[in-house]
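Have a look at these structures, which come just after this line.
Next come two complexes built around subunit A: one with subunit B, the other with subunit C.
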Partner chain A sequence: MILENKYIKSLKISHTYLGIFAIFFFYISTFFGTLTVFKPYIATWESPSKHFQVIDKSKINLDIMITKGLKELNNPTNNVTITYPSLTEKALGMRYGFSENVYINPHTNNVLPTNHESQLLSNFFNKMHYDINMSKVGQFLMGITSIVMIFLTISGIYLWLLNRKKRAVISNFWLRWHKDLSLLMLPYIIVFSLTGAVLGIMLSLSSPFAYSASNGIETNMSKIVRPIIFSNPVKIKSENVKATMLSYSRLYDIAKINYPILNISTISLFNWNDKNARIVFRGNLINNRILTSRTNRMNIVLNGETGEVVSKATLDNTHKVSHALSAFYFFHFITDEGILVRLIYLITGIIFAIGLVFGLFVWIEKKIKKENNSYFNIISKISTAFSIGIIPATAFTLCLYWLFPFNLENRDSWIIGGFYSMWSFTFCYSVYKKDSIDAAKDFFYLNAIFLISTVFLHGNTTNLFLWNSFEQSIWDIFYIDLFLLILGIGSAFFAIKMNKIKFLNKFKGY
Partner chain B sequence: MNLNTQKILKKRKPHIGFLHGSISLIGAIILSYLIMMVFSKYMPGDYAVKIIPSIIITPILISITGLWLLFSHTIILSLIKFLVSTILLSILIKVFS
Partner chain C sequence: MIKKILFTLMFPLLLNAHTLIFNALDNEDGTMEIEAMFSTGRSTEGANFKIISIATSQILYEKRIPTSGSLIVDVPKEAYTLLLDSGPGHQLEKNGDIKPKNGFQEVVIKNINFAFYFTLILSILFILLAFILQFLKIKKN
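Right after this comes the complex of A and B.
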């Protein structure tokens, strides 16, 4: 019995201290990951040249657009990748090898002036999500945090089961909600901690498995696994004999007839204008998006001259591990999903983040009771800046994005620097204010000012105010602006009402 | 081994200390890697079948082996669990090649 208690005590200590370490990193990752769920929409919103309606697919003129794009890229004939317009990328994108993308407006068939548009915000949020903008070190830290999250999940479930067995009633408010929210979010936690561990750390530390599997011959996992699961559908050389190609739209139609369930997202050209020309249409299957997500795209390869089907990748002739990986990554990236699934991810992300913070409050409350010294409890201040201070800091970044002119030198550094400065300020302010609840209140006011300003600055810079995007039916831009405006007003309203919300009195004195 | 060290290793404490925790942590990482290296070696199939499951399962295994090592009566018992498993797994990896 004594030993059992000892184990439980140790498990609780491990869960608490590893939890404190993991919460800070995983909270940041969850916060920015939730924003990254909307990456395609944010990328469009931050590119003024892409402020136009989503085109009806039947109106796309591939022949004119691809010819113009090829001309812009100096007419390459091999390794040309074309991104087909979709809900998440409204323009047709074209690149040659690793060149920069050239974008074409599908309404006007003109090349878009994207010179100063770097998709800074969406890329920055994504980087904060997977490596807290600290490159390899950050990615490694996130990987370790994800493994710790798996441990916390297993130990948390174990502790919960023990409590259930003992029929113990949890009276602590924070603990009860931390437990309930975490259990509710269990599938979400498992998906993100496991994929986070694999992407963050396991892929780069997989050499021992490659060494063991190859009996000591090879240590580079990628070298021996990639050719098996990511096979190249085109392995043919140019014949150096000129040939006339079928039109792109004709080839597209042939691909659709021969593979009707393929939802085409990219088109690749190989040995173009040659006797051995190949055109590859890639995409996910309409009836199986989970097994054909970004790591396991299906394809159909046509001869560019005759339109004859050269090969066709189906679920039956692709590797089973590719299917498993596709499903594994699907729930993390939700690449092909529409706004509804992304909104569900937003809600689950918020619930999970609240669950994490409540877990931290279990510990803070215990510490404060023990030491009776709330003012100098630095963890309490850091957690306020981390959990709430990050919100106005992010809103400030959006505001700066539209405030600074696009041709400003080192524009990216100014904006990202602004984010870190604001975030640091929130920490100083949390320490300055005796009561964290007062600091939080001011953060929500700041957030409201920044968000509402962002909407008007965006309108002013692009000449596309909320009412203009509504009139012109540019719905994605309209909804983002509307969402930011509602969030800003909601934030101000919440700040005004904060003192009257009984639930929040629990935070008093922290 | 002096008396003091023996005391630390064999003492049944009311709670698990820093040394015990550290052994569990490092031991869990090493053991999980060794277990999945054995899997990668003996799993029939191509390299994708041998390696990808190991990459995915190892993070889960680290938590499980960590708990197994943590739930030892004494530090010495935790060390024995770790060393014996390491030797056995190393034999499976190296000797039967």
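Right after this comes the complex of A and C.
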């Protein structure tokens, strides 16, 4: 019995302290991960050249666009990849080998001027999500945090079951909500901690496995496995005999007729204008998006000259392991999903982040009551800056993005540096204010100012104000601006009403 | 069975576990040969290769890597870095260590990222100020 008590006590201590370590990293990862869920939309919003309507697929003129794109890329004939316009990438993208993408407006068929557009915001949010902008060290840390999250999930469930067995009533406000929210979010936590652990840790530490599996010949796992899994469907060599190709639109139609359930997302050209030309149409299956996500795309290969079907990859002739990997990536990246699934991820992300912060408050409250010293006071201030201060800091980044001219020297450094400066300011301000709840209130005001300014600065820079995007039916841009505006107004409203919200009185004195 | 499990576990490594490699070889005739490939042996054909001046950040040379995977370029007369860019997450930068016969010309350094240092110092100042404020609070109590 004593031994069992000791074991449970150790488990509780481990859950608490490992939780404190993991909360900070996982909170940041969750916050930016939730923003990254909207990466394709943010990427469009931050690129003024892509502020146009989503085109009706039947109106796309592949022949003109691909010809123009090829010309822009100096007419390459091999290894050309074309990204078909979609809801998330409205322009047609084209690249040759590893060249940068050339984008073509499907409405005007003109090449887009993307010279100064670097997708800074969406890439920065993504980097903060997977490596807190600290490269491989950050990625490794995130991996470790994910493993800790797996432990926290298991130990949390075990402790909860133990309490249920004892019929113990949880009276602590923070603990009750931490438990309820975490249990509610269990599937979400499992998916993201498992995928995070694999992406963070296994990517960094695969060399010994590769070394062992190849009997000491190779340390790069990718070099061993990639040729098997991602084998190029086109290995045929050019015959060096000129031939006339069918038009791209004709070949597209043939692919659709022969593979109607293939939702084409990319088109690749090999040995073009040669007797042995091949065109590969890749995409996911309309009726099975989970098993055909980005790591297991289906394809149909046609002969460029005759349109004859050379090969067709179906789910039946891909490996079961590829299916598992595809599902694994699908739930983390939701690459092909529309706005509805992304909004569900947003809501679950917010609930999970709140659950994490409540877990930290269980510990802070206990420590302040027990020891009542300033050490724990600063921890609560750091927590305020981490959890609430990060919100106006991110809004400030959006604001700076549209405030600074696109040709400003070191523009990226100003914007990213601005984010860190504002974030550290929120920490300083939390300490300056006696009560963190007052600091939080001011952060929500700041957030409102930044978000509302962002909407107008965006309109001013692109000449596409909210009412213009509405008039011109550029819905993705309109909804992003509207969302930011509502979020800004909501943030101000929340700050005004904060003192009257009974629930928030729980935060008083921290 | 164990092999299958191990294989399954290793699959997610595939997407990112290939790194860029590129070398610059001195031809000793005022030119150098740039060779670029992925660690998996795949060609980096089409990737953008740049030579950038360390002093002024100006692009001294820019060209896509051809099918052969190598380029012959003139050795710059000023200190430079080599940058291979093959899309997000696949960028590699190296200091150019091949010098012209008479050494590098001296160029006035204009390449100070003022934005980086300014925001870095500002961030550190805020954090320091926070700790000073907390210290003063403790002392007051």
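One rule holds for everything that comes next: the second predicted complex is superposed on the first by the 494 of 510 C-alpha atoms of A that agree within 3 Å, B and C clash if a C-alpha of one lies under 4 Å from a C-alpha of the other, contacts with A are read in each partner's own complex, and residues count from 1 in each chain.
By our rule, contacts are C-beta pairs under 8 Å (C-beta built on N, C-alpha and C of every residue); 3 or more make two chains touch, one makes a residue touch a chain.
As the structure is a prediction and not an experimental result, all values here were calculated from the model.
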Touching partner for A:328 - first (subunit B), second (subunit C), both, neither: both
Touching partner for A:197 - first (subunit B), second (subunit C), both, neither: first
Touching partner for A:151 - first (subunit B), second (subunit C), both, neither: first
Partner chain in contact with A:213 - subunit B first, subunit C second, else both or neither: both
Touched partner set for A:474, first subunit B, second subunit C, both or neither: neither
Partner chain(s) touched by A:112 [first = subunit B, second = subunit C, both, neither]: neither
First (subunit B), second (subunit C), both or neither touched by A:264: neither
Which superposed partner A:11 touches (first subunit B, second subunit C, both, neither): first
Where subunit A meets both subunit C and subunit B, residue numbers: 198, 202-203, 206, 209, 213, 221, 225, 229, 321-322, 324-325, 328
Subunit B residues touching subunit A - in the complex, by the definition given at the top: 13-16, 21, 33, 36-38, 40-41, 43, 46-52, 54-56, 58-60, 62-64, 66-67, 70-71, 73, 93, 97
Subunit C residues within the subunit A interface of the complex: 4, 6-18, 39-41, 43-48, 64-65, 67, 85-88, 90, 113-116, 118-120, 122-124, 126-127, 129-131, 133-134, 137-138, 141
Subunit A - residues contacting subunit B, complex: 2-3, 6-7, 9-11, 13-14, 146-147, 150-151, 153-155, 158, 193-194, 197-198, 201-203, 206, 208-216, 221, 224-225, 228-229, 319-322, 324-325, 328
Of subunit A, residues touching subunit C in the complex: 76, 78-79, 95-100, 123, 198-199, 202-203, 206, 209, 213, 220-223, 225-226, 229-230, 295, 321-322, 324-325, 328-329, 374, 377-378, 381, 409-411, 413-414, 416-418, 420-421, 423-425, 427-428, 430-432
